[in-house]
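I've put the structures underneath this note.
Shared between the two complexes below is chain A, which pairs with chain B and chain C, respectively.
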Partner chain A sequence: MSAEQVKSQYPAEYGKVEALLPGQSVSWLNVLRKQALASFSSQGFPSLREEEWRYTNVSAIEKKLFSPVVLAEIGAVDTDWLNTYRLENTCSVVLVDGHFSETLSDLDGLSESVRVLDMAGALEQYPEDLEQYFGQAVSHEEHSFVAFNAAWFTDGLFIHVPAKEILSKPVQVIHVVTQADYMSNTRHIIVIDDMAQAEVIETFIGCDESYLSAAVTEVFIGKNADLTLYKLQLEGEKAYHFGGTYVKQDADSRFKHHNFAFGGLLARNDIRTDLGLASECELNGLYLGIKRQHIDNHTRINHLKPHAISRELYKGVLDQRARGVFQGRVVVAEDAQKTSSEMNNRNLLLSNDAEADTKPQLEIYADDVKCAHGVTVGQLDEKSIFYLQSRCVDEETARNMLTFAFANEMVEKIKIKDLHDQILEQLLVRFPQEGIEQEWL
Partner chain B sequence: MSTNAQEIDNLIGQKYKEGFVTDIEVDTFPPGLDEEVIAKLSAIKGEPAFMLEYRLKAFRHWQTMTEPDWAQLNIEPIDYQAISYYSAPKKDSDKPQSLDEVDPKLLETYKKLGIPLDEQERLAGVAVDAVFDSVSVATTFKGKLHDVGVIFCPISEALKEHPELVKQYLGTVVPETDNFFAALNAAVFTDGSFVYIPKGVRCPMELSTYFRINAANTGQFERTLIIADADSHVSYLEGCTAPMRDENQLHAAVVELVALENAVIKYSTVQNWYPGDENGVGGIYNFVTKRAECRGANSKVSWTQVETGSAITWKYPSCVLIGDNSVGEFYSVALTNNYQQADTGTKMIHIGKNTRSTIISKGISAGKSQNTYRGLVKVGKNAENARNYTQCDSLLVGDKCGAHTFPYVEVKQPSAQVEHEATTSKISEDQLFFCQQRGLSAEDAVSMIVNGFCKQVFKELPMEFAVEAQALLGLSLEGSVG
Partner chain C sequence: MLSIKNLHVSVGDKPILKGVNLEINAGEVHAIMGPNGAGKSTLSHVLSGKSGYTVTEGTVTYKGKDLLDMAPEIRAREGVFLAFQYPVEIPGVSNIYLLKAALNAMRTHQGLPEVDAFDFLTLVKGKVKLLEMDEKFLYRSVNEGFSGGEKKRNEILQAAILEPSMCILDETDSGLDIDALKVVAAGVNSLRAADRSFLMITHYQRLLDYIKPDIVHVLADGRIVKSGGPELALELEAKGYSWVEEQVA
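Up next is the complex of A and B:
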């Protein structure tokens, strides 16, 4: 490959939207966007030759040349359809084609001291506050998707929960993409100050056409603070999705992440958390792949300080020609003595053409640690199916029941009832069990 | 208990005991590598023409390649032109016909190493092929093996006497284009062992090769080729040592195993190349490509390795399970101390139906060393009912070392069952306390716990090797306890 070869055609298009991106008056952001653009231009999208991307080919995103949406072009949203995803008893923020929609959002009932506002607005009102956080949990050098996002983001959300505040209800962030070939690039910053507590739900939906939805979220959790983040990815079946969540945890903080990846043609999800002294993190994930879906989950847990605990469980169900990729990396730094870490990845292959690639990794530089990881790839237990059949359950239903039970373990962990029911419904549609009493659920 | 403690003290007090240099006259090429050197090398060995062609093809390909850098290793750049690619004891020109003619100094060397070269030591019951720098110096028990039809000889001899067999199999498991070090090996390999077990023969004794690097500034490139024909059985042992020198020396070997229908190959290695001193000066760079193909149905290959030496180890003994119902096994103990770095593991490629593989890897890191397990389990589309079980445990001794686990699992077949488990921990204080409370010293306790940790692998080793391996563990842990 020669150095002159054009790595990506996206940078050439940048000029068209540059002047319309938010935060024009913010000088640090201009510098950052320039650096990110330069970094992306020199690399292009990640290639299969890169270790972190060896199972995920994103060249289609390069070929499609999705276009960023400027304010004037935002598509109309079918509100009835949108409302089926809206959860009750939450504050909701709706981002349409990468832009905050005030009319569709509902932020009533939040305490005065809590800030929940769109990134474009926040950049005008609180540029100094944002400067402390923007790019601090993840630099655009992480990989070129992050650089891409930093250069192109059109909006996002800034959530700031002040010290000792407990968010009265969860905040739901709904990302909608309305039209073919659109590209939604959003950037979120979530700051939970010392001893505060919050729950945030990210929902991704879109039209049935091909589009790109990319969201990078930076999270800062203060001392003894608590954040639970749910991500429900229900993109359209031709969609491309990239989601990156990068977390910095201070001492004694707690972070829980529940990641449900059901949609998209190609979906990649990165989660990284840096653990402070005696902090805890729990990463849960469930991915269901069908047709030609490719779902890739990458997690990285950095134990930087002593006494931290991490727990991770990712489960995958892969049917038809779907391919599931999992990489979980736990790094224990020299100082991080007394670390306790457990990681598990379980995959269920339901068809001859499905594929699971998994890469759990431990990188340990401290000695007084307890770390373990486990991986399984397999199919449903024939004996269990036989047992159910002997109880007059037909084979297909028996298979569905067992697959459902395998997946449901992850749904059971959801503490918000409406969200739990919403995801359960998705599972039951996918694995129907006619004639089986559901009441025990 | 006191005698036991003393024994261990003695053991710990020992330095690398194979670190002596044998002072004999040698023929050594000046450092450097080009096509001329390869032609000369081939000519000295009196090889058939196809070999020279093969070597040159490999060399030309090698020149287009770059060193792999994906391993968790920190390697000083290697100057391939500063290495001499051939070194042999001088008397090679009139090759010894029997042991009496072997240079007594060489015999002394192997005696020091405890290798039963003399056929008198029949009790050992092991046929040995000893490779000194670039040439094989002696092979024992040839006659007895010949009676049952087993061919066990230096590969240079095999090239002369059984060229068609070598030609048929050489490079079919590890092609000369496989990787950087395999290509280099294919271009310049000087000797190694060749084993052919004919149909239906169960090899009457363990076969063994002892490798020794002696000369300075030389690289050792040996090539081992083992073919187990249908229904045969062989157990093969390999040991390695080198003198203590301040410079790093390169060792790039290739081992190819071919198991045909119902054949069983058991390959055991105790690798104890010079690991460098406690400051990380010197030591062997060990870049080895080992691969086995289970070509026939119901064949089985089992790799057992104890890796205690080398400054850098880069080694992934693999099994390609082509035949239906074939079995691959990998048992490994990798111990690193001081500044040693090891990146080792295995690949199990399941292609045939009902193929099974087991991986048991035990890593122990001490001092300032880095120890990495890197493995791949790949189940192809047609490998119905493939089964893999992987267990990787790491033990940390000391707070400056690192232990890493990088398994890759790729499954394309739903009926496959793949399990991977890994743990990393230090020696439990409870266990130590318990042992000490029963009157064991801290050293005894550590040694006992470490040996227990490795037991699953040691029990796979042939008797003589298991004893040696346990002794090596104690030796290599020197200075890391307490």
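Up next is the complex of A and C:
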């Protein structure tokens, strides 16, 4: 199937569900969807010729032609299985095949003033509020996945924490895809008003068949407000995943992102934040690739105003025939004096067939800034292996200990115990090596 | 305990050790001194099994077994311990875990049951006191962010727990101030026993003021060129290594 055909085939599929998409009565959204569809129709999915996509070939998504899922078609969910991913002491929102499931969600215990509801419902109840935010952190012109998402999203989540409110417990959003060839396409808006504070966990899971899961999240963090966002991408091993998180940070705000990418056959993450005056962001990532997995992380930090601080550390463990991509870009605007920025990407290659492509970029237009970046792609340190051997540890165990320790640094940053333990468990399950033990910590 | 006969070792094509002979009996403390580049560290590395060295000639027998035939971890489990000149930092692996893993690997190798968690903690805490270390070091990553002195103490702590038969101390005094040196030396001295031998590799005589050797050897250009009692070290300190090299030449 050629790219030309794709441009015609996906929009044809769109025609089948168009009338069932949420927000039909919302005129600004109808306009936006049409623009996004036109944009996608003319471009198709990104190609390797585009600089931002040169390491990641998404042509398989074109070939597969995943189907959008209307509410009536959503699959059954094995609740026992689902509950193994549900975290304790959180509010949970479950999206099945791209649609909010009221029966599977649990929103008890939130303060009255906090709004956490499905996007379809929010578009009915608060269309004017949403208009202020929708498409403001990311335009559908960003790239065609975002256009695709804007045109086709079936549901999502709207979180609004009003000024000075502290979310009493984290909100966990669980995305589930139940069937082969299904497409989940969701859109989320998170608004944290001035001096408010929240933690949100995005979990992605699905069946063992081939499917597409796409989610775009726009985040608005007010003055001196605080958001920690966790992403746990545990898609099925034949799945395609696209996730985009686009953040706007007002003055003195704090944003922390912890991105764990373990699942999927092909997964792409875009994270972008625009930093306001004296704001701070911390981007942490861990990707673990085995078999033929391809995991791509794209980050962009825009220092727009003075005195902001950004810290970024992405680590990759790549084994067997897996490929990891990291493209990190930090842009310091002319006005952003006294910027402090550090970006690091460390890759551990465990097999000769594994590959890491890494490209850190610094673009600095201000003259009084402190910016650093570092990249490593390598194997385990032989000196460390010998040291452990000289302490009675056999070579294979020594290698496993060092690999695990390398990855675990990112897990240790997670302070929500239940989430920390779940990530650790997922990491241990996924390591292809035998005999990696939690006890090593 | 340890018998080194006519040991020749090369790195790549370059011969480093050119026929080392050394007999260490149980309970003895030997010191090997020598100028930079004499092959001191090569000797400690070859004995502990580090890769990158080729033994071209000679034998090393430990307790009647061929030491060179054993993997590094087997040598360690058999009771050969190397205290590193530059202990490696291992972020993410806790010190106490490594101590326990090492001890249990050694005990399993010797056909003993794994140590009980409570007994282990009691044992470790006792040794930590002996080395005047803070218990919090146990729960930190191996050597990560430790000062030079703390790293060397940690090496001796590992030895104190593993109770090896043959301890090789590679430049243990390097990077230590006098107070740290005294503590480390006291730790080593407390390990001295009739069934335990030591091979101390050092550039300076200073360490030998605190850990008294039975025999001092001078290693120069890949061979032991002179052996004697502790007084040899003092003579070296006074006259310099050129004195020995001239005598040999």
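The rule we apply is simple: the second predicted complex is superposed on the first by the 421 of 441 C-alpha atoms of A that agree within 3 Å, B and C clash if a C-alpha of one lies under 4 Å from a C-alpha of the other, contacts with A are read in each partner's own complex, and residues count from 1 in each chain.
By definition in this document, a contact is a pair of C-beta atoms (placed from the backbone, for glycine too) under 8 Å apart; a residue touches a chain by one contact, two chains touch by 3 or more.
This is a predicted model, so every value here is computed, not measured.
Considered on the superposed chain A, chain B and chain C are sterically compatible, since they fit side by side. Looking at the superposition, the partner that touches the larger set of chain A residues, chain B or chain C, turns out to be B.
When the two structures are aligned on the shared chain, A:362 is found in touch with chain B, with no touch to chain C. In the superposed model, A:180 lies in contact with neither chain B nor chain C. Superposing both complexes on chain A places the Cα centres of chain B and chain C at an angle of 70° as seen from the Cα centre of chain A, in steps of 10.
Touch criterion met: A:373 reaches chain B, while chain C stays clear of it. Of the two partner chains placed by the overlay, neither chain B nor chain C lies in contact with A:163. In the superposed pair of complexes, A:408 makes contact with chain C only, with no contact to chain B. Using the contact criterion defined above for the overlaid structures, shared-chain residue A:383 touches chain C, although it does not reach chain B. Between chain B and chain C, the minimal CA-CA distance in the chain A superposition rounds to 14 Å.
Under the contact criterion defined above, no residue of chain A touches both chain B in one complex and chain C in the other. Against chain B, the residues of chain A that register as touching in their complex are 51, 334, 337, 347, 349-379. Every residue of chain C that touches chain A in the complex is listed here, in rising order: 48-51, 71-73, 75-77, 81-82, 84, 87-88, 90-94, 97-98, 101-103, 105-106, 109, 141, 158, 162. Across the complex, chain B meets chain A through its residues 70, 72, 379, 381, 394, 396-426.
Taken in their complex, chain A has these residues touching chain C: 381-384, 386-395, 397, 401-402, 404-406, 408-409, 439-441.
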